[in-house]
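Dropping the structures in below, format is structure tokens.
After this come two complexes, each holding chain A, first together with chain B and then together with chain C.
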Partner chain A sequence: MTTLSNTPDKLQSSSASRTRCYGMMAEFATPGEIMKAAEKVRAAGYRWWDCHTPFPVHGLDNAMGISPTILPVFVFFAGLTGTMIAFGLQAFTNATDWSIWAFVWVTGYPFLISGKPLLSVPAFIPVMFELTILLSALTTFGLMFLLNGLPRLHHPLFTSNRFLRASDDRFFIVIEARDPRFRRQATRDFLEGLSPIAVEEVLDT
Partner chain B sequence: MSHAALDAGRFDLSSQNLTLGAPASLLSRVLVIIGVVLLIVSGMMAWGTDDLAMVSKSYLVSFMWILAISLGGLFFTFVQHLTHAGWSVAVRRPAEVLAANLAWIWIFFLPIVFMWLRGDLDALFIWADMEHLRAHNPEEADVVAKKEAYLNTGFFFTRAVAYFVTWAILGTFFYRMSLKQDSEGGSRITDLLQKVSAPAALLFGLTVTFAAFDWLMSLSPAWFSTIFGVYFFAGTCTAGFSAMILICVYIQRSGRMKGLITSEHYQDLGKLLFAFGMVFWAYIGFSQYMLIWYGNIPEETGWFLSRQVGDWSLLSLALLAGHFIIPFLCLISRWPKRYPLFLMVGAVWMIIFAWLDLYWLVMPVIPEDVYTATSYTEFADAHENASTHLSTPINWSLFLGMACCYFGITLGRLRRHPLLPERDPRLKESLSFENI
Partner chain C sequence: MSSIPVGKGIPVDHVVDNTAEHPGERAPLVLNMHEFNDVTTTVCRVAESRRVPMAWYVAFVFSLGLLGFLGFCIAYLFATGVGVWGLNNPVMWAFDITNFVFWVGIGHAGTLISAILFLFRQKWRTGINRFAEAMTIFAVICAGIFPGIHVGRVWVIYWVFPIPNQMEMWPQFRSPLLWDVFAVSTYFTVSLLFWYTGMVPDLATLRDRARGKIRQIGYGLFALGWRGSNRHWHRYERAYLLLAALSTPLVLSVHSVVSFDFAVSQLPGWHTTIFPPYFVAGAIFSGFAMVVTLAVPARELFGLKDLITLRHLDNMNKIILVTGSMVGYAYSIEFFIAWYSGAMYEKFAFLNRAFGQYWWAYFIMVSCNVITPQLFWFKRIRTSIWGMFILSLIVNIGMWFERFVIIVSSLANDFLPTSWDVFIPTWVDIGTMIGSFGLFMTLFLLFCRYLPMIAMAEVKAVMPEADPHHDDHASDAKDEEGGANS
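The block that comes next holds the complex of A and B.
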């Protein structure tokens, strides 16, 4: 396991056979600088790249040209599923005498409560509401993890000592090597043209 | 944030961009004239009517509607100060102007005082004439008689004065202080308003709750619902936030506030309308409905029964669909809230449904046989022809007359000063505000 104190240079010499280039990283001092730089990276046509900042920088999504997430669509339909499951379950158990097989045989039990109709939607609404919220919330949480590529125990960026300051006071742009426009030297030159504090190659171990 | 500082020069804060021009002045006068004409026509239609109950209730609906819009504006204003909000500064002035209307809104309450002086108040509030009620419906009179310590004309109008004075003071205070900051600058007034908004919230909650009890719930004096004040409060949010959106869109359509109110602000106004005006309203409305429906006590269910027989059942369902389900689906996404014209259509829709909601609260009469009918079916059959009287012309002449007067006066006030608090310390933050 790589420790954070290893520098890329050491890594390269010790296990050159196992390392490959993950991407090129540029370091900036202020949100304004990274905003300008992000616009240029976007204009240069890179697609596999990201910004890392200590706090949310308003407008950065726009500058990077990130399209809105698809998550809300899933959440909407998960919520709708919850509504319908809750309605179906209550309608089945309270208003029908059907027998269905759900791993065991279960039978609906028509249960008259204070003279209300057997199928009375108002009484079902609290459970429908709760299950809608439950499925929406779980879907939001779970899919947020999956769409972000989580959980993962290791990320190549953590091999860089410089990158530690991404959670403190520095702003980073990383262009990944898998980007079709990535050329080791050309990309380094390009990033240096954005007047960063430093440019560094990140190695994947 | 330094990003904001970088682009400080891009905002056009010239007085040309910050004040409404002559067309607004003309529109304001035309609206007031149309409104006054419509109100006079309504008055002539109402004069010597044999159905004073219908006319006065119709008037009450439209009065409560303009009141709800103003209270929504007041709520928005003090909540922004209470939460030290930065995003809303650019759209706060329209809310302050709506709240400032509370200084004169009592004038529209005078017809009800006039009814009292003429001795006709019982046409609107049946508890005002207990002898008549007892002769007419002794069971209901027995219940209402126990509430006489609260429901009597003397105390009723004393409370009304207290509400109007409180609202006039609060509305005027927030409005005047904000104007004063335009010339004074600095953060002193912001600090002061933030301090005042906490007690203001308390007073607002109490007055709105009891005003709703007095002017809406006591129309059916035997009936009660403890959540009723909150329900009316949800309605003030619907009406007030819709009116704010409409005013903001109007200002920008007339070529002012260019680049100052952005789709970021519209999105947040849309969120507020969505959350308070639709979801919260439905939540409170359902909470009220379900407890009464489950409890199934005759003195409580009568109120809902009278709203689900005949044409009223259609209006109740229309309200559920039009005040909640349809706008919920239309405004749940991000883009409709960021697109001012779409949001404007939503706001027009919601402000009309806010009026229909009040109509639904005020208009139905609980039939007397609700206490004696032996089954729901029997009751529903007996009243299957119950009409909502929604198409009666006076409903619409009063509604449009009040709307024209109200927005005419609001517009007239809006064009007298800058359209945003130009020296608010958080203005820059608001102008460069972005949802992530």
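The block that comes next holds the complex of A and C.
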């Protein structure tokens, strides 16, 4: 998606009030209603819009046309990195006498114990497995929130009292003002045509 | 207030007993609730109310006392040395490692519920996964204490990690004890991430409902600014699936690695190939017993009976029955293999385990783990609150003794009769064990009080009303309404 700058006519319309308009929000009561509404918003050609629901609504991704996330690809490579780090760590520390610089100079120690082979790959498997899982899980967790643009302390939507129920039992569609098709009145009329409980303008504070 | 139309499908209000099986119909997972707000209110009420049941305070003060005693026992141990425990020359591991294995095992049920049942699409997990995962984390914290304090020179415990030290030596990576360090710390980290990821949307709910400034900021910070965006939910669900897929092999590996601590050694009674699967089954067995032990009072005290229904408990009791039988099977196979191996030391180790100086511990183990759980074949007992509560306590006791029997009876009577000895616990041994329960209960009670005890977002998502097509064909085909599929 390309970055869209505000067109002059829209700036004019949104600067009617002193604070800028963030977007137009419509409230729905059931998953079924927001699903039908989302299909219509998508069909109307809006691109900077979102649904806010208290739980993931099955099928809403398709209705909104969200493309699959790239997250698993990163997680795969993170896991692979973990495997290699673990092998390298164990082989270096227990089977070599090399000196390498890893923030400080460290030297391997060929550790002969119970006559076990120095480079004992089967014995290295458990730690390789654990570090694979560890790095994958850390990446999954961290990257999911980063890709979502979280954590963040504030968001314009949090200024709406109505929106408090988005984490409880109500379903919201928000069309952002930066969408090229956004016109304050026209978008409001469009959302009202989707038979919501209410439509509200959200200000960008 | 809410305008969610009530489905004309199953008349949920009439279902008080949802443990009955009706072919073609899915039993409801949430009783007496049709609106999402009911779930929110029921769960948040616990964290929001100013007044807590008296029983909570009593339990909290008691647990805090035990926790203080744990601190005292550990301080005494550090000041004096491991000689304050009843260890002797052949029995160098006893209560410390027994407690470690016991607590790690308890944790497994939480991960099984959150990860494996998720992959198997067992929707009933949503009612119990949050506090089962919390239980996992607190149990692993308790477990982590024991290897940490049993080493004698606790100030050099960092030697277990590959950190450059003054001796220019490294940990020995071909030792199962070191694998254990990595397995348990990875397990703790991943369980914590999984638990927290699941909790973020619910923390957002608490944030949005919070009245005071402190609560708003507190829950707000930990909710990370979650606003239920569907573009976020999309990545969230994928991340959740990935974490479940990563935790599944992890949970099976952790207790396998714990069992390697024993199985890789040469000691008769420890040196058996059946240990990894047998330990994992035992871990799930004891963990589910602990979930039942905690769930029964929690749902009574905090009014969660419509969310943690009798069906949830019934299902868990079935898992206890299955895993208990697996454990019993493992006990008998151990004996068979000891005889079949023809090795005299192996044969002696097992006969000695059952009839030697620790016969009483073996007797407790078998009667608690193999015999009494068989009562769960009867539905009357599976669905009886007192029946399951008492049985779950018995299983907890039995599984503690299982680890004691494996560790101590094998060590006390090994190859050479002249080196045999008997382990007798001291008051510090017993105090540290009981104290660890204090730590566990303190953390759990704090969790119950301040965090969402039930995964609200997940429970809402499995309600029939959450199906976008719920309104379309509420009048036809009852069985298409989402519900339990267990």
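Note that the second predicted complex is superposed on the first by the 187 of 205 C-alpha atoms of A that agree within 3 Å, B and C clash if a C-alpha of one lies under 4 Å from a C-alpha of the other, contacts with A are read in each partner's own complex, and residues count from 1 in each chain.
Convention: a contact is a pair of C-beta atoms (placed from the backbone, for glycine too) under 8 Å apart; a residue touches a chain by one contact, two chains touch by 3 or more.
This is a predicted model, so every value here is computed, not measured.
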{"item": "When chain B and chain C are modelled together on chain A, clash or fit", "value": "clash"}
{"item": "Which partner reaches more residues of chain A (counting touched residues only), chain B or chain C", "value": "C"}
{"item": "First, second, both or neither for A:Asp204, with chain B first and chain C second", "value": "neither"}
{"item": "First (chain B), second (chain C), both or neither touched by A:Phe158", "value": "second"}
{"item": "Touching partner for A:Glu39 - first (chain B), second (chain C), both, neither", "value": "neither"}
{"item": "Which superposed partner A:Gly115 touches (first chain B, second chain C, both, neither)", "value": "first"}
{"item": "Chain B versus chain C as contact partner of A:Val104, first or second or both or neither", "value": "second"}
{"item": "Touching partner for A:Pro31 - first (chain B), second (chain C), both, neither", "value": "both"}
{"item": "Partner chain(s) touched by A:Glu130 [first = chain B, second = chain C, both, neither]", "value": "second"}
{"item": "Contacts of A:Phe141 with chain B and chain C, given as first, second, both or neither", "value": "second"}
{"item": "Where chain B runs into chain C (options 167-175, 221-229, 257-265 or 275-283)", "value": "221-229"}
{"item": "Common ground on chain A, meaning residues reached by chain C in one complex and by chain B in the other", "value": "30-32, 35, 56-59, 61, 68, 72, 123, 126"}
{"item": "Of all residues in chain A, those that touch chain C in their complex", "value": "29-35, 50-61, 64, 66, 68-69, 71-72, 75, 89-90, 93-94, 104, 106-109, 111, 113, 116, 120, 123-124, 126-127, 129-131, 133-134, 136-138, 140-141, 143-145, 147-148, 150-155, 157-158, 163-169, 197"}
{"item": "Touching residues on chain B, where the partner in the complex is chain A", "value": "1-3, 6, 286, 289-290, 293-294, 296, 332-334, 432-434, 436"}
{"item": "Contact set on chain A toward chain B in their complex", "value": "30-32, 35, 56-59, 61-62, 68, 72, 76, 114-115, 122-123, 125-126"}
{"item": "Of chain C, residues touching chain A in the complex", "value": "2-5, 35-37, 40, 162, 164, 168-174, 176, 178-179, 182-183, 186, 189-190, 193-194, 196-197, 201, 204-205, 207-209, 220, 224-239, 242-243, 246-247, 249-250, 253, 257, 260, 456-458, 460-461, 465-472"}
